[in-house]
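First chain A sits with chain B, and in the next complex the same chain sits with chain C.
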Partner chain A sequence: MEAAKVPVTLITGYLGAGKTTLLNRILTEQHGKKYAVIVNEFGEEGIDNELVVDADEEIFEMNNGCICCTVRGDLIRIISTLMKRADAFDGMIIETTGLADPAPVVQTFFVDEDVQAKVALDAVVTVVDACHFLDAVDEEHELAEQVAFADIILLNKTDLVDADKLNAVKAKITSLNRMAKIIETVNSGAPIDEVLDRGAFDLTRVLEFEPGLLDEEDDHEHDEDIISVSLTTDTPIEPEKFSNWIRGFIMERGVDVLRTKGILNLSGQDNRYVFQGVHMVMDSAWGAPWDSASRSSRLVFIGRNLDEAELNSAFQACTVAA
Partner chain B sequence: MTADALINPQAGGVPGFNPDAGARLVSPAVGLSETPAVGAHPTFVVIEPGQARAVIGFGDKRLRGLSLALDGAQPQVIADVDATPIAGVADIGGKGVLIGTDAGTLLRLDGSDVTTLASTDGAWIGQIAVHTDKSGEAGLRAFAAGKSLTVLDGEGSVVLTSDDHPSTVAGLSFSPDGTKIAAAHYDGVTVYTLTDAKQKPVRLDWHGSHTAVAWSPNGKFIVTAMQDKEMHCWRWKDKTGMRMSGYPSKIRALTWTADGGYVAASGADTVTSWDCSGKGPSGKPPLEFGYVYNGIVMQVAAHPTDGVVAGGYSDGTVMIGTVEQETAMIARPSSGSAISGLAWTADGTTLVAADEQGAIAVMRMKEALIS
Partner chain C sequence: MDDILGLSRAKPDGSAARIKDMMRERLGIGEETTLMVSELHCHEDGCPDVETVIAVMNADRDKMTWKIAKPMTEVGEGDIQSLMIPQAAGA
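The block that comes next holds the complex of A and B.
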């Protein structure tokens, strides 16, 4: 009698980027569907929905040996309670405050049993203000984290910048996060089907991902910057070597690693091995079978203090050829 | 206090239990009657005095009542409320039911009449507690909404308000004499003295999210359930803390046996009971009964007089077990839907359970539970 899990979309973004506009577009265009909306602060713009729950941002640490595992206690309580209501929700949308760190929200969906049993995080959508992003990103580290955690980035207010600035913003976003899909918008006007039902955390739906390419050499100035590192190899991976390396790396460096995603061609296996992680919380599964020709393993890390050359040599050392 | 002690599949023999065959035979000592699923999620089960009726709150904004006469009666809608009833307890003296809602109202059900006793600015009233004094007529009502705690006397006058908590209050428990109240939150418990406004609250600290609290009936211990798959126990006299860990799941429910000798908890594949005689549970492994294959205990309810606890499981099974003998019997077989509410009648002859699909099981004890 297990019902399908209710998808949850997390909308983050800096103050004034256009989060509430996006939220209201979803609610208007998905007319007839029933959403529960959870917000942390009521902004000036009203939210056009029957059920809006005002949540206090209550972050706490889990005592589970994972030093960076923080979760949102208010979300656990609210989601567990909402799921007892008779209204069958088509989805839930969480809008965070402008300065929220997305990690505790995302980790809540992987840590709490009651939440996991009833709902599933569908995607992290980050709304970026094309006008102010470059000025603000160096000042507010939350902004970089919101981009780093995103599955979908709405690059908004593109009508207010020229082509050079838009390209510079895109280059910066790509350096922070090579996995996310960038949608350029005016007034948060993204096609809703590119925002909802993405299954970004659903391992069974991960078939392939193309890490975005950087136009120019990554010019990050110091190690504290968030970067994304993309690794690839066509040589099959030796499971034991890889497992030992990734466990050790995440144990040691999980605080710095915001998100991890991988599709691996494991030696002797016909199916893809897919996995993802948020800090130290990791999740893996067998994916779809490989097609005949190319069996390329891909691995992306997004985080701080990442040394691409070092990571690449460690990854290449996990192949059967090494 | 180890994890090993908790996951021993041999603990507590279950008569007639064969995990391979899936056979779940209800003990002949129990008369079971069950209503079809309502299709809404129960949020609490309270049994009214005189024990004629169980009152169940549902996620479809309705209160339903069920006669306990075992005469084939079906649950009847007592009242439609404007909000989801999310917490419910027996009111002062067991007369009526006190209900907290997600519209921020504190309601009282008396017969079929619902009155509003208090309301917030909309913050959910997720926690309520009641204390009845020795007269059986007067007492205190407490409710929490967000970080704010309010205690009212029987006439509705405010005895205490406080929002000095680091997070939303996730559990409330009066001391057995009603002179104090404990509020659970992140990083511990705050204990207020209600009889002396000048006395500063006592903060009991332990890092993590405390999601339920229960004061022992003898007043000696305060126990919390934690998000971190463990419990914490403080000895009130000297505030010494003790940690009870090793659970495979988070702990949703706590219950004290009537004599205060044991605190039983959900969270494992057996009902676990910690010996709180003497100085407390430190150094003693828990007693266990009622292993269920592939099931986790979701709800626990101590018998009102004997050393017996009922456990409601994630697969819908209900077990009744003796704490010290570590024996169990099946009172309701698996329905596939988790138990979300469990309550005994005051005389301990009848147990009522509700599962997430809204089926209600009434279990009548045919013989004494402890010979």
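The block that comes next holds the complex of A and C.
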């Protein structure tokens, strides 16, 4: 039997959003678990944990300049070292700097076999400051990326904004990322079980985790740099057509596509086909059998310069009816 | 069931560990030095479709990277022996 992998939670968020407060809440909660904590900088707020490792945000480009082939060398080194004492802790939490690009961090967990064998990315948790988000998101490239990559968004400091502003912030977040679960908090006070052990990158848990993936509401804005596009069809998908299209699309546009998730009703198959991707790194699995009543295929892209009409046309062309 | 769309990542088959062992012997380094081995599917013009990337990830050696224009499963002792090794890195 495959050994259980150590879960890794990635906490991102802009400067002052409440990342360290969340981290300390997790660490001081009476859950009986020990965590290794990897931080990029020691801020003014101390971290209440026995094992804190300082990382140096070393970007390693496997292929010059291509973000799809970029990982974090420091994390590979730290994880390799930590795993030699893996019995000493139950999980890892990585807190990035406010300016960190999440892509190299996320891709670190998918490029090296030894890392993949020992640890598994559990979820990307992004802490958002409800008070300053709308002012900053259009100016700060990293902030939009952190939201776009998130599986869980802690919408923090909600006590500092009125209902209208809170709704505007949520609408903006959803336009960037319709897959993430939004948890409204004050002082980063999220229930720990809604942050840890989420299995967001576990293909067998996609259905239980992704509220937006099954949501047909199409309310996102169309003039964003980063947008979230959701496609659906009730007609079965022709596997060969879809495979040719998606592989070609990701090959060509993988730099722009930050995350992809899909649940497909493939022609002639009783089970769901589930897949996901981060830039050009894709993975798939067979999910549970379909119910007889509804067999809708869903596909979500989060990325830059995505043309929804073009994507929908290409997706619909992959059905058996096309 | 098979992955009929071809979107699954390759399952680990021990190739990375085999390449790391050969590199450790070639460089004369032990387990304390972190190596990374990855298979890159590059789609840029002029690049091979598949490359094996090998890197020494120690903080003071992070610039040492080698690429072999083969999938990991096909990388052999001859490929490792033919790599150019900076004098400071080798044994």
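By our rule, the second predicted complex is superposed on the first by the 293 of 322 C-alpha atoms of A that agree within 3 Å, B and C clash if a C-alpha of one lies under 4 Å from a C-alpha of the other, contacts with A are read in each partner's own complex, and residues count from 1 in each chain.
The definition used in the following text is that contacts are C-beta pairs under 8 Å (C-beta built on N, C-alpha and C of every residue); 3 or more make two chains touch, one makes a residue touch a chain.
In this text the structure is predicted, and so the values were computed from the model without any measurement.
Superposition of the two complexes onto chain A shows a clash between chain B and chain C.
Contacts of A:Ile76 after superposition: both chain B and chain C are touched.
Of the two partner chains placed by superposition, A:Leu99 touches none, neither chain B nor chain C.
Of the two partner chains placed by superposition, only chain C is touched by A:Leu266; chain B is not.
Look at A:Glu113: by the touch rule set out above, it reaches both chain B and chain C. Once the two complexes are laid over each other on the shared chain, residue contacts for A:Asn63 go to chain B and to chain C alike. In the overlay built on the shared chain, the residue A:Arg85 is in contact with chain B alone; chain C does not reach it. Using the contact criterion defined above for the overlaid structures, shared-chain residue A:Ala168 touches neither chain B nor chain C, since it reaches no partner. Counted by residues of chain A touched, the larger count belongs to C, out of chain B and chain C.
Across the superposed pair, chain B and chain C both touch chain A at residues 56, 58, 60, 62-63, 71, 73-74, 76-77, 81, 112-114.
Within the complex, the chain B residues that touch chain A are 40-41, 43, 58-61, 84, 86, 102, 122, 124, 126, 146-147, 167-168, 170, 186-187, 207-209, 226-228, 230, 249-250, 336-337, 340, 357. Across the interface of their complex, chain C is touched by residues 56, 58, 60, 62-63, 66, 69, 71, 73-74, 76-77, 80-81, 110-114, 116-117, 239, 242-243, 246-247, 251-252, 254, 266, 269, 271, 273, 275, 277, 280-286 of chain A. Put simply, chain C touches chain A in their complex at residues 1, 3-9, 12, 15-17, 20, 34, 36-38, 40-44, 47, 53, 55, 57-59, 62, 65. Interface residues of chain A facing chain B in the complex, by the touch rule stated above, are 1, 54, 56, 58, 60-64, 71, 73-74, 76-77, 81, 83-86, 112-114.
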